[in-house]
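Structures given as structure tokens follow.
What follows is a pair of complexes built around chain A, which joins chain B in one and chain C in the other.
This part shows the complex of A and B:
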């Protein structure tokens, strides 16, 4: 029982960042119909920007995370404007191939810049865990969870309370009608991609100090983001939030009770099971087969 | 290609070890042949049936591990092990085909990636069987009756035969009712279904044949490098296959082979000039550039420019549709 509580707490910390990754991807995938295999590379980018800001520039921890968010948004915007905008009316497979190319190029670019050795990102928090009854948690993990929840809440506000959010929701429902109503589709797409990439980058900057930063960390992050999106249903913010938390907890339980070697298999199995058994996701009614 | 051209090409292929005796060049040609089999295999699914598999390294790896384990632990000889590798890879293809038969596009891709991910994790973690990350060294070289195919020249002929066989299977398949059914499904699934094409049957068939050929490639690879490790499941192999097929020309018979030769020779040629990371960086950028500037691939482009119709066909940028 005590162990279960510990696993749940650890799972929640992981799950919060998975939710960030998932929200970013579900917006890009759902709204732009782009299968963004480079999503995990923005996660890697975030971790390395945080690393550079905290070690080389020596800034405050929060500033490092903000730097990662800004860098993710800027590169995401650039990516949309140069690569995806010219292909907006092409098939989903065409843009998927382009994003696979971006994935490989970004990952090996990172490998060239930072080398293959994993980097440990410094943080200013004490390493002694906070003990609450049977559960022990490192202060860093508490901060990560709090920041992740804050970012999730801001995404909610952005989507539901701002004019841009309304334009995004309208575009998701019906792109052509939204365009007729005066929504600038180009601007909405660029904003969506920049926003989604910024969230992925934030997730990388948050989880980077918990684990390590290395060039291929984004591969698994991409696949986890996809499993969150598939769990939650395309373009579904609630689904992505709940799906992210569920995946984090499922992974912790899998690693704790089955085998730590198969931790990452949980996401793969979720993708296969959900797509085969309940292709519309656990929370949405959106059709995605055929 | 004219009959003369074909004859010259065949003659050049058959006599190749006699005028290209340098073992290094022969090695590059053998690797190009193995990747040729893999690219032909992926092309069947991607180019003809219109489904992108990003888990093809799984079928390749299953073939490699099956063949290596049977010859090492059960002391089977090469040929039955090869047959088992092909059969097991085909069975994996059948499973994926059955699982994913309702899924299209991105969702099919995700199931294939996840499948490869699970298989790769099993190869790392099931240490009693696979020896984990250390891999399986000392995979024996194949024999053919009394002769050992240990030398590069002998192995070249084995690989050449495998390429010829794979090409023949693809050609036979593509020019039959089955191939026409594949293309019909790729072009317009509801229409194909309405005229009686059994979607499930043909998609599963495409997955099985494609996986079997990838298994053949895996077995050939294992007995050539004489070493198998979880690296055979590396995503890089899948990406290399995709680039070969897309660059050479999806849905053409010669395209994957042209792509395989080009993208095996090119990295080798660049090896002195640039490190592996630079090459992969170039690969990624190249994939992007190909989609933008050469969406149909090299072979269709050459055919179009030689046939005197300067891109008269509508050059759509939707190569996978």
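This part shows the complex of A and C:
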């Protein structure tokens, strides 16, 4: 029982970060129809920007995370405007190939700039765990979870309660009609990609201090993000949130009670089951968007 | 091209020819090197390359081998077994090297091995630790790194002093990790320790809380950890977060305690590490003078200190090959292989001498490297109390 509680807490914290990764990708993949293999690289970018800001520039923790968000948004914007915009009418395969290129270029760029040795990102919180009965958790992880929930909530508000969010949903539902209604299509595409990338970058900046920063860290993040998106249904924010938590807890319990050698397999078995039984994802509605 | 530049080129060519004339009949000796210079384990591969270059420069500074300079032809296996096989083929067929050093990871070495047999070229294995490498009956393989069984035997004498009674294992889910668990598990059981949980983690996994929660429940006193330094850092940090409260012993010799101190901080305090080189106190190595010279040269070249625990393998591998070429008296693959059986030299790690391992008639060579234990104490790497000189 004590073990179960600890496993559930671990799973919740892990799932929160999966959710954050998944939400960014569900916007890009689900709404924009771009199979974004570079999503994990924005996660890596966030971790390295946070590292640079915290160690080289010596700013405080929150400023470091904000810097990562700004960098992720800026590079995401640039990426959309220079690479994806000219290909907007091409097939999904073409943009997928371009994003694979971005993935390889960014990963090798990181290797070139930072080298292959992992970097530890400093943080100002105590390392002694908070102990509540049988459960122990590091203060940093609590803060990461709180910030992740905050980011998830603000994304939801942005998509559902603002004019930009409405424009996004309208654009990806029917681009021509949205354009006729006076929506600036180009700006909406760029904003969506920048927003999704900023979320990935934020996830990297939040998790960097928990784990380590190294050039190939984004590969696993990409894989988890795609899993979450498939689990929750394309373009579905609620789905990505719940899917992320579900995946985190399933992996944790699978590793704890089945075998740690099959930890990732547990997550994928669930995904296969979802694809067989509910091919459009756990939370997909009749209509895919919003 | 203008007339003047043609003249210039001709002049340069003449000058070059003049420079090389004394050694014209003495073409450089080629040694092939296959290492991961890019990809996930690029840092390690590059450290080995740096160590190999030090060995080459030292040999050449002493006048080379029988008056011939040594030339390293270095190929990148991109941390990928497929690339390791094609790198071996390229070195042998196109560059015509008579001997190779490589290929870091066990899976990369195993992938390159059939090529050695196909073309009949020996390879000195400097890092890989999977037992199967010398058990497959490939007579072109000469290994200077210890397989897990040898490492476990090397640790046996310290088990009582470490106070290992109930042990749990956490290892990367590869041939190396699984092999280490079975080798150390057997040895510890023989010494009377109880074996609790045997947990695995994916090579790229970053969150090991589930495994640690399970390990915590066994109530053991020691955790044996086998993986690369990045994951060791993560496990240590997460063990601290969960208040695991175990003695941690890392195996495999790639743990780079210096990097752990930098990155895991207090979480690494008190942990023990099996290493094959102790650059913190080179004078305690079998050949203290050589070890010290290597550490000094490394620093002089501006290489990072934490790379030394990998870099020495590059030196020892090239030194072994150079010695074999000297014994053989010529740079032919078969002659070098025969000579490798006869070499006996002192490397940075200690004495290198090959003994037969694997199926009779097709044995591979396996040297018996020195094995050391260090501890992280007060944020520094130190000899454990039971090894420190009284």
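Heads up, the rule we're going with is that the second predicted complex is superposed on the first by the 264 of 290 C-alpha atoms of A that agree within 3 Å, B and C clash if a C-alpha of one lies under 4 Å from a C-alpha of the other, contacts with A are read in each partner's own complex, and residues count from 1 in each chain.
By definition in this document, a residue touches a chain if its C-beta (ideal position, glycine included) is under 8 Å from a C-beta of that chain, and two chains touch if they have at least 3 such contacts.
Note that the coordinates shown come from a computational prediction; the quantities given were computed from them, not determined experimentally.
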Contacts of A:65 with chain B and chain C, given as first, second, both or neither: neither
Touching partner for A:200 - first (chain B), second (chain C), both, neither: neither
Chain B versus chain C as contact partner of A:6, first or second or both or neither: second
Which superposed partner A:219 touches (first chain B, second chain C, both, neither): both
Which superposed partner A:45 touches (first chain B, second chain C, both, neither): neither
Touched partner set for A:251, first chain B, second chain C, both or neither: second
Which superposed partner A:190 touches (first chain B, second chain C, both, neither): neither
Which superposed partner A:167 touches (first chain B, second chain C, both, neither): neither
First, second, both or neither for A:111, with chain B first and chain C second: both
Touching both chain C and chain B, counted on chain A across the two superposed complexes: 108, 111, 219, 259, 261, 264
Residue ranges of chain C touching chain A (in the complex, touch as defined): 38-43, 46, 173, 199-202, 204-207, 209-211, 213-214, 216-217, 229-230, 233-234, 240-243, 259, 262-267, 304, 306
Residue numbers on chain B that touch chain A, as the complex places them: 52, 54, 99-100, 102-107, 109-111, 113-115, 117-118, 121, 124-125, 235, 239, 242, 246, 277-278, 280-281, 283-288, 291-292, 295, 317-321
Complex interface listing, chain A residues touching chain B: 29, 35, 83, 86-87, 90-94, 96-98, 100-109, 111-112, 219, 223, 226-227, 230, 259, 261-262, 264-265, 267-269, 271-272, 275-276, 279, 288-290
Contact footprint of chain C on chain A as seen in their complex: 2-3, 6-7, 10-11, 14, 108, 111, 115-120, 127, 129, 131, 136-138, 141, 207, 211-212, 214, 216-217, 219-220, 251-256, 259-261, 263-264
